[in-house]
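Each of the next two complexes has subunit A plus one other chain: subunit B in the first, subunit C in the second.
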Partner chain A sequence: MSLVNFTTREITCKIVYYGPGRSGKTTNLHYIYGRVPDTRRGRMVSLATQTDRTLFFDFLPIDLGQISGFSTRFQLYTVPGQVYYNATRRLVLQGADGVVFVADSQARQLDENLESLQNLQSNLLEHGVDVRTVPLVLQYNKQDLPRELILSPADLDDALNFRAVSSFSADALHGQGVFETLKGISELVLKRLAAGTAV
Partner chain B sequence: MTTRAVEAWTLEPLVKFVKEAGARLVLVMTSAGQVLAQSGFARAVDVMSAAALGAAIMASTEEIARQLNQAPFAALNHQGERHGIFLAGLATGRGRLVALVVYDLDVSSLGLVQLFFEQLAAELQAASPKGSVSKQVLAADFERDLSDSLKTLFGR
Partner chain C sequence: MTSALNAKYTFDTFVVGAANRLAVTAGRTVAENPGSAYNPLFVYSGSGLGKTHLLMAIGDAAKKLAPALNIEYLTLDEYVEAFHASVAAGQGDAFRRRFQNVDVLLVDDVQFLTNRKEMQSELLRLTEALQVAGHQIVLTSDRPPPEIADLDERLISRLSGGLVVDMGLPDYETRVAILRRKAEERGVRFQPGVLETVAQAEFGNVRELMGALNRLVAFQAVNDTSINAETVKQILGLAPAAAAAAEPAPAPRAAGDEFGEFLADVTVTVGKAVEAWRARVGEAVLRWEGEGYRTQRLEALLQQDAPAAVDEAIAGFAQDVERLKELEAEVAELDPQAAGDSVFRDPERLDDAEKAAAKVRDGAAPPPGPSAAFTLESYAVGPSNQVAVSAARAVVEHPGKKYNPLVLVGKSGLGKTHLLHAIGLELARGRRAVVACLSTQAFIDELIAAIDGNRVDWWRARYRRATALLLDDIHLLAGKERTQEELFNLFNLLQDKDRQLVFTAPAHPNTLSGLEERIVSRLEGGLVAELKEPDRDVKRAVLERMLVQQNVSPEPALVDYLADRPADSVRALVGVVQRVVGAAAAQDVPLTAGLAREVLEGQAPRDTRRSSGFRTSGLVVSSLGGIKSREKMVWDWIDVTDRVIEELR
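Right after this comes the complex of A and B.
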């Protein structure tokens, strides 16, 4: 749940990067960390296994600067993608203001993407949140892989994008689509916030 | 010493607690890890990551308690060579919050922190506004400024 303070004019929102294992959630955060100026980001925290798989979460606070006189901060989290870690995944989702679903574009990963999307829906429900109401964007990562290995964004839209939300093609390793995705979810979250705080 | 509060009602009890318990730093945050107030020497830790990690510890142990069919653990304490951290839930009119206390072992102790924490919890509960915070209107030009700010940050 976002925090809005009208006295100190501060806004803090929580964005969660969700998706199947090895789809590129942590890679998104690493790219953002590397490209956002030092003055606009905090320390990145990664709770990972010895083999660098996310164990609990990655956390990166970024400062969007002044928006309409409000100092606006986003806290970016990733969840562990592996099926085994569902309990911790559900905990990280608590209080999320927006979700980026990072799908793996490889054709052989389609079932994992669908399973993870269903898991998102079920974990949001456990927090009393309807997936149809939460700000959500989809990112189709690994679009740089050979054509014969991946599904096109149009095919992925057909398979995954039930809500017809914004979707972004990406190659998170090299940064393509990473900031477009972040900008997309930022707009949704802040517009919803602006609408929600109006009397 | 830094004292900052997103919600002003937290300030007085917090400052008093830091002084009486000899705490180095205390953070009051939501269960999602968003900081509502802080008091003490913030240089001791990176405040935002400490809050995220503290909330995660609380959430993990609450989930274990839930699986054991018991009420959430009241408090958690981890003691190192020089510092200790104390984590506990707080019931307030603004819902359940989490407090993270960092203390130096040569200045304070777990007993002292626990003793004054009960007082802090009672004072925060008494000071907290009941029910939801009244809604206010964000500036009318919020959406217009949003696009410009995002362009500036993301450079596209």
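Right after this comes the complex of A and C.
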């Protein structure tokens, strides 16, 4: 997937929200969807089970209009978090320009976070992409939960952020940190424009 | 009353973008097939987006394709004015007739029909009449028909019945292209990035964009310094913040507008990331690709991190494309089929294209030229041919301008061919002149061979290159329908380009049988100059020249005697001279008037008859080269009057 097409003057960023099940990926997208003006967003496609678990994936296209002469589009995807949907995850990950890893801040979810992060790494490798080169940010979601249930951002950084990428604490349900995360990943992705290469 | 079409407003000068592509395509179609494609064509757009330009371009293109079409452009106001004037003069019917006879009617600004009931019914009537007659009508407005206030339902349905297209605001690329073209037209150069900055600004229409450009041009001229992208914003009063200037339609920034902030953020990042050079290369790729050229050289540039001399690379590419265009145009004239070759579309294969063009050039041998033997200096002039010769000189001096075509008529042997070739030789002296000078028979034979070899296109191209076409004995075309057809087309083509045409014929074209009327009328359209029987001056000049050629001193007595002999053509005279020269050579005596008289009037000396090897076979070795059978040449027989005198003796 070509990130910047100079001949058709288009920029298309594919950003994938990755993370363990129930960490709040779809919630991130729903919040963004609610903040984007009608004219700028496409239909959000959400395939969810009856219990609101993402079955296949969510897809939210956002049209940012003309930027520096480029019609700029963001495509936000989520992957299903459950372990047994790995084939879908791998498929969605294909051609991603950037990845947001949404971690569940609850202390008891740490293992799931770690497992999902490893799963991300191996799925990227399947696509021939080194996790060290792909634009990646971490989001520590559910920071609004009682202190005793969650790990602090510093703790999570120690546990998960071994690449020392940008990390954002968030409360996706109320929107805190959602756009900061999106900005963070966008900046990383767009900075790669200069190099003219895509994942 | 009616505005003339402005020659500046053509399709060539119309910058096409996504917003107006449909309208332009429809306009072109209408210009190419007036009355049959979309009728009426209704174009609407906001002010200053090119309605008038498009309308005039349709008129211009239609006129170029079919010059005979009656094309009328006017604004609705002018139409109303004309109507009122004619009603006031009691000439309402004349007004209607005038517009019903227009083949392509272009009406601008029909939104002013609001509250003009009588004009609406008049326009309805006219539209109906034009449609029935198969005449084209194109209208423009600033809004679609149903939105024009107080418009008659019937008129709405009538106007919407053809094709209704709109033209929107040009997108960024189109704006840059428009600015580039306008700056180029004015011969103004700006620093890189200046025009792009202007294009990024929000202007409601193209006119405002032009206004901005004008300000920049004026500023640069006054201050004698070149403007850079930063000063542009100051001059045009644009917001200096990069985010605001770069985003044509920023989302409303309410407090806590997270998306707006995000957008601003992304805009800044993209602005930093997309280097100007990439944008320029991208634009060039877009442009040339759009024209059908392969652009892998430029695309390769985009793959690099920081290529050196980007602008030089783009300029070099443009230069190569220009060269390809030249080659293609040249080849298209010589061999239309070869011009379709893909090498003419690939700047990477310029060398191949040059080779292909050279091949075509070699293949297209120039058409047969004039014979060097017939010069204008050696053409004897006298009262009998003065008109023709001075016409010939005028043609040589002003080829294609004065007498086109020039038709030389006269009986056989009066020097038509000589004069034709002489004109050809003179015309061939011109720079880059390609003079086709041949007999009509050869012309016919070539065409037959071309048809046979399935290369009529090539044959046509060969003659279309000619800067002058001279055909001897045009009457031989009689009954050759295909050749007449080809000549007719060639004639028109060459005459349109002011290229000289010269023909010879034994008699006035309108007396020649078997020629199509259209050919005859075209031949008569120029100058028909007659060559008469040679007068004494001409004969003397011819004799003197021939005698000198034969190494005989042109004694006045001999010349006088021969010139006084009756001869109805120069060729007959040549025969006479050959006879006397031959006789003198056979007897091995100098040629004198007496000998000539003896040969021509009296008994030829006995021992010369068939005794000399020179004439034993009945063949005369012509001094002009070639062998001719004497027996077959009527002009060598003794003149009838001579014979009568002889018999009387």
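Here, the second predicted complex is superposed on the first by the 192 of 199 C-alpha atoms of A that agree within 3 Å, B and C clash if a C-alpha of one lies under 4 Å from a C-alpha of the other, contacts with A are read in each partner's own complex, and residues count from 1 in each chain.
Convention: a residue touches a chain if its C-beta (ideal position, glycine included) is under 8 Å from a C-beta of that chain, and two chains touch if they have at least 3 such contacts.
The structure presented is a predicted model; accordingly, all values stated were derived computationally and were not measured.
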- Query: Between subunit B and subunit C, positioned on subunit A by superposition, is the outcome a clash or a fit?
  - Reply: clash
- Item | subunit B versus subunit C as contact partner of A:182, first or second or both or neither | both
- Message: According to the stated criteria, A:64 is in contact with first (subunit B), second (subunit C), both, or neither; which is it?
- Response: both
- Of the two partner chains, subunit B (first) and subunit C (second), which one does A:72 touch, if any: first, second, both, or neither? both
- Mind telling me which of the two, subunit B or subunit C, contacts the most residues of subunit A? B
- Message: Is A:43 touching anything from subunit B or subunit C once the two structures are fitted on A? First, second, both or neither.
- Response: first
- Query: So which subunit C segment collides with subunit B once the two are superposed: 25-33, 259-267, 493-501 or 529-537?
  - Reply: 259-267
- Message: Can you give me the overlap between the subunit B contact set and the subunit C contact set on subunit A?
- Response: 4, 6-8, 36, 40, 64-70, 72, 179, 182-183, 186-187, 190-191, 193-194
- Message: Give the list of subunit A residues in touch with subunit B in this complex.
- Response: 1, 3-8, 10, 12, 14, 36, 40, 42-43, 45, 47, 56-57, 59, 61-62, 64-70, 72, 75, 77, 87-88, 91-92, 94-96, 179-180, 182-183, 186-187, 190-191, 193-194, 197-199
- Message: Using the touch definition from the top, list the residues of subunit C that touch subunit A in their complex.
- Response: 171-173, 176, 196, 199-200, 246-249, 251, 257-259, 261-263, 265-267, 269-275, 278-279, 281-282, 285-286, 289, 295, 299, 302-305
- Which of the residues in subunit A come into contact with subunit C in the complex? 4, 6-9, 11, 32, 35-37, 40, 64-70, 72, 175, 178-179, 182-183, 186-187, 190-196
- Write out the stretch or stretches of subunit B touching subunit A in their complex. 6-8, 30-36, 46, 48-49, 52-53, 56, 59-60, 63, 135-139, 141-147, 149-150, 152-156
